[in-house]
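So, here come the structures, one by one.
One chain, subunit A, links the two complexes that follow: it is found with subunit B in the first and with subunit C in the second.
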Partner chain A sequence: MGDRRRFPALLPLLASGGVLAFVGRAVLALPPAANGLAVEMRDGAKASGIKNVVTAVLLDFRGYDTLLEIAVLMLATVAVLSLREDPAALSRRIAGRAGPVLGALTRTLAPLMIIVAGHLVWVGSSEPGGAFQGGAVLGAAGILLVLSGYAQPAWAGQRIVRWVLTVGLLAFIGVALYPMFGGGSLLQYPAESRKSLILFIEILLTLSIGASILSLFLASASATAGGERP
Partner chain B sequence: MNVLAQLPGLLVVVPLAGAAISFVAGRRRAPHVALATALTVLALAVALAVHVLDDGPFRYQVGGWGAPLGIDLVADGAAALFLVLTAIVGLVVTLYATAYFRTDDETAYGHGLFWTLWLFMWTSLNALFLTGDVFNVYVCLELVGISAVTLVTIGGGAEALRAGARYLFASMLGAMTYLLGVALLYAATGQLDMDVLRTTLVADTTAATGLALMIAALVLKTALVPAHFWLPAAHGSAPSPVSAVLSSLVVKGSYFVILRLMLDVMPADYLPGVEIVLGVLGSAAIVWGSVQALLQTRIKQLVAYSTVAQIGYLFLVFPLARHGADVLTLALTGVLVHALSHGLAKAGLFLGAGSLMTRFGHDRIADMGGAVRSAPALTFGVALAGVTMMGLPPSGGFGAKWLLVSAALASGEWWWAAVLVTGGLLAAAYMFRLLSVLLKDTPTELHASKGDARTEWLPLALALGAVLLVLAIPLVSNLAAASNVLIHAGVTP
Partner chain C sequence: MSTYLVYTAGGVLLYALGTYGLLAKRHLIHKVISANFMGSGVFLILIGLGNRSPEGGPDPVPQAMVLTGIVVTVALTALGLAIVKRYYTATGLDNLDDEPSAGGDR
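Right after this comes the complex of A and B.
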């Protein structure tokens, strides 16, 4: 019986070993240094006026990828929501109650986290930061507030929550479409308003990304809290 | 705004906006948003096809940067063809779904989100057909994968969840493998744009490994035998409108990228022998899928295994492409006609199967006798879809097989023609098995209350489209001539 159970594990092991050798050979064949598109990126970033190359790549050169990635993020949230069978059960409070330490900590941390999120978005154009980082911090602040009982978890069946989840994508689509009316192509920000448009997208994206993270957390938390209880 | 020049961008953003709006619109208004989006996208797709036929293929620089820094979309004849197919099937499925997912059904919570998920999937398919950037393909594959898996599970039930989980693992494995391949390709070449790669690709172990991994990943996503293990369960247990979209469109998204990589991006013999392997696996798929379809006792499993078989035909173009411009033109036109006719007929079959299941209240083929008496239009639709599956004249399926057999004979490799003929005979066997039961003249008791007229006529409309496609073959061959594959091969001046 032992052999029978070991045999199926052997096949994937051999297969992944083969792939590993195949890929390893390819990696070893690489030249020691490769520039890729680094030169084009630096020149492009200079032309676009966005000093942080990562932000320039994410929201400008390859803004189309990011637009679709934002769609992936929202889709993932919608996907988790669609798996819930009983929306009423989910709006039940999962919130805990804060003890004195957690309460004091939350009262100090939560406002700070919201400010940090805002800061990350603001500096994103010139230094490391941006909507994804800001949204992650904002989402974490939301989770902390719910866990310590300071905020009622809202459920995505509610219209306002749906709007917050969607507003980032909608703003991105709006800004993407806007240059088309001036003869440009999709996402071709006009030079004079490039920075402010990107900041506008980033701020609304931060809200939606934060809300997505909070929703995903609440959905999984309520699945274990509400689903298993008799 | 010059709409014609903006068509590629609009074909992605319009369904994306539809998805976002349908989410905030709420359960009752979402179907209207989806219908409006479907009609708009159909108009845009047809306009793009006409534009490409008139003025030839063109590139669209998203963000105005242009390759290699930015992402370019490519609107050529082949892309236009798949976009139009997606729009036609998409509109019919949207109409069907308004009857299938009843908005007054309060218990079915996931169903309220069907529209949003479906529009996200439509967006990603359009994006996949248009993209000219190998990394952007990965983002599109993620969108397709997540929306497809979720749509499989949306009906609930243990079987659908199990199938969805398996589908998710296969889909993730495919996406990760693809990403690994892109990373290697980028490390070796420093380029992501397909057209730049086409003109600059030189012999290199790392680049070749990357491309091999990308193609392997796409083969898994296309469910080519032996990587089809996830398909029958996923397509068979999904709600019927979802099965229709998965079988008729989603597998073709990843196939389309294989087509671009194999016949356009890579120089001939860049990965020696891969085209033969794909041709042999395609032949194996035709035989294995058909034999399995013959053995199924449940209607949607039969249709799903038929998809496994029909996918095989799409891969016969690769070995045939080595035999010069004339054979390539015949074979490419053949697979494009096949993709269209299978897309229409398979969507019709799955929608028809769904309508039969709601009428009978079960999915056992053996107990579906007498369908012709109570639902004649529906049975006629299923039969017509069967005609094109078998490749009987006159139908789109016949046109496709004719072109592919001609290509095989012109290439001197007659064994591919033998596979094509065998596949047609096997398809006839499994379709007749289904039809002989449906056409039995026995009285039946049906759940009459579920008999919405839309669910009876829409499958017939799709099947009729697949049959009438035979008249549109000159149009398809013009679009094939306007595809980058033939232009870069020097066939089209």
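Right after this comes the complex of A and C.
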């Protein structure tokens, strides 16, 4: 084992060199100018009423990807939650550790972060922003609240949090299936309510993504919190 | 030499580095980080290639795909780390090369 660490292992070196050559060659072989789908997407976004093209792609043109992505995120959260060992360990570790500076900072930052999250979702239809950005800020606000002792880490597995975790995916599935009752196909939003439906999904997705990020953090932090080994 | 090639070449390099780390490193957390490297490389390649349009801005489709990919990477990383930590508490090992001692599992 000692000998193996002295030199870079040959086989991985060869493999990564091969990957470098292969992918590099494939990338260089592409034409230097290509429009891709930029023009079509911009026209399509104009027609759909969502001015931010990336949001239009995410939730409209490629909504199926986003639906499955949320399912992946939720499944991973459920898996991580089921792997945690001692949910109370983190709160024992945090209890009484937050000083006055962190407390004051948190009292100022947390409400601001919640407002920023809401703003990001709201502008997501016309400017850069959207459910994922908003959800990330919301999740970070939750982590800050937990680490400074304002929120209980143990609530990661509670019933209400599980509902918040799933509500985004459930709403998305509901909205995706809804057109099928009228003879449409999956994710074919009705033209007149497209924008409000997308905003509705985005708001619920933000809550779910925020809860997911917070749960992922809390569950993995409580897995071996305290560092003690059995 | 155009700008998109800089990003794309950086992405290819990151991907190859991640491949090396994933295969050569023994520590499981190194492997998780290497998988993250590979993911970031793919994102850079996608973003770089999406910026080749001669007219009117970058292609939004790769951007949306990368946004999706980032979230999946976060999920992958969290799950990977949780499994690594659980494996460590169960066996006391941080790699898959050593055999867990009998009775080490609780």
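Some notes on this structure:
What we mean here is this: the second predicted complex is superposed on the first by the 201 of 230 C-alpha atoms of A that agree within 3 Å, B and C clash if a C-alpha of one lies under 4 Å from a C-alpha of the other, contacts with A are read in each partner's own complex, and residues count from 1 in each chain.
Here, contacts are C-beta pairs under 8 Å (C-beta built on N, C-alpha and C of every residue); 3 or more make two chains touch, one makes a residue touch a chain.
From a predicted model like this one, the values you see are computed outputs, not experimental measurements.
In the superposed model, A:R42 makes contact with subunit C only, not with subunit B.
Shared-chain residue A:F132: touches subunit C; no touch with subunit B. By the document's definition of touching, of the two partners only subunit B reaches A:Y64; subunit C does not. In the superposed pair of complexes, A:A34 makes contact with subunit B and with subunit C alike.
Contacts of A:Q188 after superposition: subunit B is touched, whereas subunit C is not reached. In the superposition on chain A, A:V23 makes contact with both subunit B and subunit C.
Of the two partner chains, both subunit B and subunit C are touched by A:A79.
Residues 23, 27, 30, 34-37, 41, 61-62, 65, 69, 72, 75-76, 79, 83-85 of subunit A are contacted both by subunit B in one complex and by subunit C in the other. Against subunit A, the residues of subunit B that register as touching in their complex are 1-2, 5-6, 9-10, 12-13, 16-17, 19-21, 23-24, 26, 60-65, 68-71, 109-110, 113-114, 116-117, 120, 123-124, 127, 135-136, 139-140, 142-143, 146-147, 149-150, 153-154, 156, 180, 184, 186-188, 190-192, 204-206, 208-210, 212-213.
Chain contact summary for the complex, subunit A toward subunit C: residues 8-9, 11-13, 15-17, 19-20, 23-24, 27-28, 30-39, 41-42, 45, 53-54, 56-58, 61-62, 65-66, 69, 72-73, 75-77, 79-80, 83-85, 132, 209, 213, 216-217, 219-220, 223-224, 229-230. The residues of subunit A lying in touch with subunit B in their complex are 22-23, 25-27, 29-30, 34-37, 40-41, 44, 60-65, 67-69, 71-72, 74-76, 78-79, 81-87, 159, 162-163, 165-166, 169-170, 173, 176-177, 179-181, 183-189.
Residues of subunit C touching subunit A in their complex: 2, 4-5, 8-9, 12-13, 15-17, 19-20, 22-24, 45, 49-50, 52-65, 67-68, 70-72, 74-76, 78-79, 81-83, 85-86, 88-89, 92, 106.
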